[in-house]
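Listed after this line are the structures, all set down as structure tokens.
You will see two complexes here that share subunit A, one where it goes with subunit B and one where it goes with subunit C.
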Partner chain A sequence: MTGNVLLMLPEILLGAGAVLLLLWDLRLPAEKKGLLCWGAVAVAAAALAATWAPDIARTLSASPADAASVFAHESFAVDGLSVFLKRLFAITAILVFITAKDSVDAFPNARGEWWTLGVIALLGMFLCSGANDFMTLFVSLETVTVAFFALAAFRRDKPASVEAGLKLLVMGSLSAALLLYGIALIYGSTGTVFFSEIAGKIAPRALPDGTLVVPAIPAEMVVGAALVVLGLGFKTSAVPLHVWVPDVYQGAPTPTTAYLSVGSKLAGFVLLIRVVAMFGASPELGAQIAAFMSVIAGVTLLYGNLGALPQTNLKRLMGYSSIAQCGYLMAGIAASWEAGMSSALFYMASYVGMNLAAFAVIMSVSRATGSHEIDDYSGLARRSPMLGMALTLALLSLAGVPPFMGFFGKFFLLGAAYGRPELFWLFLIGIACVVVALYYYLSIVRRIWSEEPRIRTEIRAPRRVTLTLAAVSVVLIGGAILPNLVQAPATAAVKQMGVFPGKPPVPPRALR
Partner chain B sequence: MPPVTTAHYVMLSAILMGVGLFGVVTRKNAVIVLMGLELMLNAANLAFVAFARHHGNLQGHVFTFIVIAVAAAEAAVALSIMIALYRLKGSITLDDAQELKG
Partner chain C sequence: MDDASFWLGGLTAVTGGLMAVTRRNAVASVMWLVGAFLGMSVLFLGMDAGFIGVIQVLVYAGAIMVLFLFVIMLLKLTPAGLARVDRPKMTIAGILAAGALTAILCAVAVASPAWTRDGTDAAIRARTGTLVQGRTAAVADRLFSDHLLPFEITSVLLLAAIVGSVALTKRKV
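Showing the complex of A and B:
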């Protein structure tokens, strides 16, 4: 029951690191605040290294009891899924912190706190990845959300930033309240908030004489489960709680947008996978929730891709693109069998690379031009071949063009939906949206390479940004040549959960 | 007089939830919107306490305390964002926060 404290080492390091950064910020003179970036990177790197601590302890210790994988009365799971996501979150934070340094250093006010809040958000994401009961889920989710309220409204001198913070706040609190009411209804019908106990109460069980008892699922349980999925849809930017996404992406400071677009979204997805796994214990409830999510996935895909078409502001376009990417991930999770879940994890890994590469370029370009309009990206390849190349690669990967990791991610996800005959309509929507997405991503690529720049001055990116972009590009191509490097741990993590069938499940008759 | 059952409490919490949601959707003043949000959180709290009494365990009570703490943190950040908005615009109606569209 007590577990090994090593299992929580990454979270302990992050919590301590956030406090130390805040204290260090107090002592640092204003001209040295840039050092805090490296402090934050060091904390995230330490947390990343600490995710291997349980493995090391397991090999060193003789008794297997020390290597228990749940912590604090099953509230906190340290399994393949949580470790996979923790590594993704830590890499996300390191990439964002390194590429955001110049933009944050240029903030006129209180720039030290950006790093502290960033580490606190990372702590929330780490807790999200291991949340194994509804209390941990709610608190970890709010740790991420409230940190992002402050990060989005960070430029108090800019009306757009404050407006972004306010919109994030209203939608975030609204979705938290809906989520909470859903949790209350589930607690009401099962009498517990622990995922394992809820799954045990709704799962069919065999009596000693061999008959199978299928517990009836009360209506409030179904409504509660639907509200939980909706409430998590705020984080993953799924319809209908997606309305904040384009506004906040455009208005928030770009480092915050980069962090929000990846970290906060994936935190929502890992929680979604956990609750879907729990609801799946009951075949009836699992099928209803999967049908509900497939409808959300279809609408989200259409909304994100069609909304992106008329955009002229690149950050806003990335907002719609983020909604569209959420649709693909939801489609894989709605398919709710092993391939859908593992390809969702694979796509999350590729999403970290391609989205952060795009935002790293956006940050560098906007520091030179002061604009996020797509018009100002015309001829970017002539002003800075390196940035033009990196943005092209990121956009092609987001569009799902073959030689990149994004293609394989979409291929696997839509393949998982195709494996379910009753989700064939969702597969068709997904294919149609890939074509639509090609149009708006490739029109930016065309302008980068074939149009004349309005201003011809060279754009110079700092060396650490170009090095980071080069590393991410190598991973995006390398992950496409050797997809198994990511696919193997993702599949192992999903298999370890042991709830998703290895083959597409046959739909119950009522749903046909 | 009929006894007050768990169903009554849950119905009241659903009504409070609806009132809060209505306030969030229709009101223009940011502080009133915040009040609506707090009402929604407390509607969920009421449901938690009622269910905890119904099931006779403490998890619902503990959850309520956690929600109160989270709501306080949320309100602190919310009010500071509103102060920032007031300093920039001189008002806190949501109509003044409409720069981002499209």
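Showing the complex of A and C:
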């Protein structure tokens, strides 16, 4: 029993931490509210440390029951995938909290709740990464979403922020309806909400005499699966539920945008991976869903990259960029043999670093200039070499320029698409989009370095932000020199899941 | 299900429904709808579906009606503000739609096996072996065993909603 409780230790710590932060906020005098940031960081760090608790418990415990990796009647999986993602989520939260401190402290209203809601959102992400049945999936996802409604509308004094919250609410409700309808159809045709049981019902079975029985997949199951993939597309910002992304990214307070662009998106992706792996138990359904996702991936790639071209506002551009990155990840998951899924995990890890580095710079610059226009980033390198350098590195990594981690991520993902001959068109779209993306990312880099700043005053970032940026930059370069440090746990996590949708009938062709 | 509760519930539901669609005051209409829901809840209770009966009151008569009232108040819907529907085409279309819906519902009801089967407790128990459908205990059994984790996560979800709504409304900006 003790072993079982240890499996959920990170979530328990986060829940307790959120409540303690809320109570602490009540006791703190207004001039000391800045301390709440460190409280939130401490809670996230404790949860990060606690992700190692199941490993320790497994080593220490003698009885096999305690070593089980699935908790609470199969509702919650503590496996390689969930632990990998939990660590990413905790690191995301720590980076966001540290770099967002100044912006949040400057909010005119209700600063304390930002941290509490941030920790609750983190708890929701942790629960998402382990969700192993549709009920848990839905309530965990909504926990993240509801927290982000409030975080996006947090600047009540700014109409754009309120509008962002409202848009998130409307689109979130629409996607929740799609998701629930899909879940209902799947429940109707299988009679269960547990992923393991659904996979068992749709997987081909060998009879004792050796013949293989392939269960027929009813049409409502296919429609249900497609609706679930669509509904999760709201979180991952995939077409067609992407319409909120640019407006909300631009309108929400920048700390919220940073958190939303990484945490909320990856929460959608971990659920997508788990659900797609489950559908893949049936080769027929797996192939259909993979084909469906590859179409979504292609459209998302084109929409995000072409939409980013005319943007003049950096936060809005990051919104389109986020849609584009979703396209690459979807392409990898749709290509869907082991390499596709594990490269998706690798890309998620690099995405945390590069996107949060970019947003940390955006927060520091906008605190000095009060603007998010790309024009105001002209000559940033002269106003603050450190911030200019960090933003350059993040953008180059997002563009997929070779010496950085983002390059390997894109290389692996598109390699996965290349490995499936029938997805060659998706591979071509991906390559074309890399070229388009180079243009809009590099034109910002050019402005940072070669244009004269309109105002020459120096921009100073707090030391904790510069230290964080330095650490992230080291990881982005280090992850490119030693990709195996991330690739190995990612591959192990995917292998542990065991089921892959539409496994290619022929072995994938090798990359030259 | 005894006759008294059927007539009580049925008449309340039908009266409430009719009054709800004929009122000119939107708030009065909503209040009559609450009456209709209470009547339906009695019908569910009479059919031994206690859980659905209670949910009917909590969710429909409680939460959803409050939402309706909020919307009416936000839109400032007064009787004078509502244009009278005098166009005969609209009236005919409305009657046709209501008639079609009634026909479909009757067809489905008559076609369903429940129409011809014996609905007494003894007959149901003889067919299915148990008589737990819709009973609160059956729901609680699943909710507090198989689905305990999502049930508990709901409390976190509600906490997020409460903290969020307080943060968005409490102080003057």
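As a working rule, the second predicted complex is superposed on the first by the 497 of 512 C-alpha atoms of A that agree within 3 Å, B and C clash if a C-alpha of one lies under 4 Å from a C-alpha of the other, contacts with A are read in each partner's own complex, and residues count from 1 in each chain.
Assume a contact is a pair of C-beta atoms (placed from the backbone, for glycine too) under 8 Å apart; a residue touches a chain by one contact, two chains touch by 3 or more.
Keep in mind the model is a prediction, meaning the values are calculated, not measured.
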Subunit B versus subunit C as contact partner of A:A471, first or second or both or neither: neither
Touching partner for A:E163 - first (subunit B), second (subunit C), both, neither: first
Subunit B versus subunit C as contact partner of A:I120, first or second or both or neither: second
First (subunit B), second (subunit C), both or neither touched by A:N313: first
First, second, both or neither for A:F149, with subunit B first and subunit C second: both
Touched partner set for A:I56, first subunit B, second subunit C, both or neither: neither
Partner chain(s) touched by A:L485 [first = subunit B, second = subunit C, both, neither]: neither
Partner chain in contact with A:V5 - subunit B first, subunit C second, else both or neither: neither
Subunit B versus subunit C as contact partner of A:A18, first or second or both or neither: second
Set of subunit A residues, in rising order, touched by both subunit B and subunit C: 135, 138-139, 142, 146, 149-150, 153, 156-157, 165
For the subunit B and subunit A complex, residues of the former touching the latter: 6, 10, 13, 17, 20-21, 24, 30, 33-34, 37, 40-41, 43-44, 47-48, 50-52, 54-55, 57, 59-60, 62-63, 66-67, 70, 73-74, 77-78, 80-82, 84-85, 87-89, 94, 97-102
Touching residues on subunit A, where the partner in the complex is subunit B: 134-135, 138-139, 142, 146, 149-150, 153, 156-157, 159-160, 162-167, 169-170, 173-174, 176-178, 180-181, 183-185, 187-188, 191-193, 246-247, 250-251, 310-311, 313, 316
Residue numbers on subunit A that touch subunit C, as the complex places them: 15, 18-19, 22, 71-73, 75-76, 108-110, 113-114, 116-117, 120-121, 123-124, 127, 133, 135-136, 138-140, 142-143, 146-147, 149-151, 153-154, 156-157, 165
Complex contact set, residues of subunit C against subunit A: 145-150, 153-154, 156-157, 159-161, 163-168, 170-171, 173
